[in-house]
């Protein structure tokens, strides 16, 4: 794992909404082909980190560098076309579009659109269920299926880095297993995964490294085993 | 605003307004002033529903026109006192306000409210157009009697001064009512309604009842303004008082002054009526100007002139602009 | 004359209805995508009418090219208006009322601009499609047949764009969940701009079809727009199918209504039905309840 090159680096990120600061100097590094967990209680600022990376929230200070290229000032569209994809919290599938049209929407960038067919095959390979339901309206899928669709839609952009916000939220334990299993498969396809979770226990089982956030700051960063093994962190920040 | 300070402000403004005719030269300037006051009543009454109540209606001209036509026709055909006819016209407008208010209250979303109220105003206009036996349609209902004399004071088309004071009284009554309603528990409830209908409902505010009340009051005031207007100009055509142009003027006045403020619509009415008279040389370009003004104001000064001091202050302290969002800023959640 | 011919009334209703549907579908498209009501829709219709008139009379181009010019000019004007005016308002947290006001102001401006520039007179145009057909007692001028065909083609094109193209996917995604569409890399301001252009071009198309039947004047867009409002309420705002169905239904109601109610009271009834529909079904007659 040590030989993996850095993919995405955040240094000293400060950001917020309408003048209210939420992030207070976040440093974070993702390397190629790894799963990193971003943990923390509700309101810690995890989603804001993802929004800042995907260009929806503009950082006030600090740098975001993707493979030596600074993402400063890029629009969400340009960031998506560079292969950094944000799968939003709460799935947010397009409810009155069919499953396949949801997936096509995910392939909106030029490069992804031209490879649409192959990617679609791959995604259907990973999610046979989506293939079965391909012409069904997304709003009629079950919660688990919608989560699969949201992730599949993210994959349609052929990402280098997939950021998944709280995929296990509201899912039965069996489905959580399935989703985390998929995260591993996605990583094995060569994609870096940033996994945001409140469900720390399960996230730590699949992630190689983990960051723990509180009040807009990174409190702890290290190997998953170290995080999981530290009784102070477990108790104070992860509620384990 | 506290009721007491609002009333004091209204009283001071009234004193100044009462002195205006003494300073004015010429019948024409006074005529413009009367129109400004009548439009101020319209704008202030529309503001009640749209500014305070948060229901952006597009059919306020219907109540104005109803009050005008009903009062004019009653006075002409039954020969009753114009004050009685205006009261009946006002009652008509009020009932119409309830009739259209009830369905509109069920609607959520500005577009449906706009369409429903516009459709209602179109109905009223078409009826006025079509009942040519009564209204003479676009050729105009002429020969409407001026206001009946009060004691020694008599009214005639030749002298605008008595009308000026009548219009001023109506405006003061309107503003006192608006101030009183807003200071009452009902007014507080409207604040809650405007902020969030759901929140208001959950704290047990009877939203529907209050909104119907608001509609009634607002349409009654517009109807009364219409009655006064009819017996002032003594000629009515459907397009001049029931056309959407009237609504455009009302909206422009309320917005320029500041929607949801006590004095905003009145100030807007005065500025626009007087200002456009000064720009009379523009002639037929006036309406074009109105249209352009609406667009510019809603973009540059969405809260009207009442927000100007705040804008200047924030510009001076170089704070982030009130207009706020370029799309690169956090994207606001919209209802899907 | 054969007094009361139900087939004729139905056919007339469908002809009128197809144009209402064209107008309404533009309004619905903008509503569905941008959540705003365009009160100036009728004035874009008017621009289409004037462009057709000048293309035919001054430039003397072929009618098909004239129609094309009408669409193009209106599309471009729509794009510019969206970019210069609507954009500022649509990005605000509160945009419903401001966009209503701005389009209302725009409508007044455009009408009076046309009045100053072109005058108040009615400009007449010859039928673009000549000839009259008679089928089983039903009288059908060529122009009216063309109207229905053009409407069908227009709907097919719009439907295919929405259904199959990348831009269509972007429109649908934006309309259903704008914030998530951004995460797909969809540039929603561009989507807004083009959608607005397409919407007003549909109004212009209706105008180019109807201008030869009625006439060209500064207020020509008022009635069609009010009719389209009725239609969108029938069909449910935001639904293309609803706009088509609602348009045809209104057209038929009106044409059959002539036999029952005198024409000057027809619109009164139409508007009254509209209010009644909103009372009973605030989401529209055929519209699904929005969650």
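Each chain gets a letter, A, B and C, in the order it is written, and its residues are counted from 1.
By our rule, a residue touches a chain if its C-beta (ideal position, glycine included) is under 8 Å from a C-beta of that chain, and two chains touch if they have at least 3 such contacts.
Treat the numbers as computed from the prediction; the structure is a model and nothing was measured.
Peer 1: Which chain has its C-alpha centroid farthest away from the centroid of chain A?
Peer 2: Here the answer is chain B, farthest from chain A.
Peer 1: Find me the chain with the mean Cα position closest to the mean of all the protein Cα atoms on display.
Peer 2: The chain sitting closest to the overall C-alpha centre is C.
Peer 1: Let me have the rounded angstrom distance from the C-alpha centre of chain A over to the C-alpha centre of chain C, please.
Peer 2: 43
Peer 1: Roughly how many whole angstrom separate the Cα centroids of chain B and chain C?
Peer 2: Distance between chain centres, rounded to whole Å: 31 Å.
Peer 1: Any idea how many Å lie between the Cα centroids of chain A and chain B?
Peer 2: Going by mean C-alpha positions, chain A sits 53 Å from chain B.
Peer 1: Pull out every residue in chain C that's touching 2 or more other chains.
Peer 2: Within chain C, the residues that touch at least two other chains are 176-177, 179, 182.
Peer 1: Spell out, as numbers or ranges, the residues of chain A touching 2 or more other chains.
Peer 2: 56, 75, 95
Peer 1: Mind pulling the residue numbers of chain B that touch at least two other chains?
Peer 2: 324, 331, 336
Peer 1: Which residues of chain A touch chain C in the complex?
Peer 2: The touching residues are 54, 56, 75-77, 80-81, 85-88, 92, 94-97, 101, 104-106, 108-109, 113, 153, 157.
Peer 1: Which residues of chain B touch chain C in their complex?
Peer 2: 56, 58, 100, 102-104, 106-112, 114-116, 118-120, 122-123, 126-127, 129-130, 245, 248, 251-252, 255, 284-285, 287-288, 290-295, 298-299, 302, 323-327, 331-336
Peer 1: Taking the complex as given, what residues does chain C use to touch chain B?
Peer 2: Listed in rising order, the residues of chain C that touch chain B are 31, 35-37, 39, 85, 88-89, 91-93, 96-98, 100-102, 104-113, 115-116, 176-179, 182, 188-189, 226, 229-230, 232-233, 237, 264-265, 267-268, 271-272, 274-276, 278-279, 282, 291.
Peer 1: Provide the residue numbers of chain C that touch chain A in the complex, in ascending order.
Peer 2: 166, 169-170, 172-173, 176-177, 179-187
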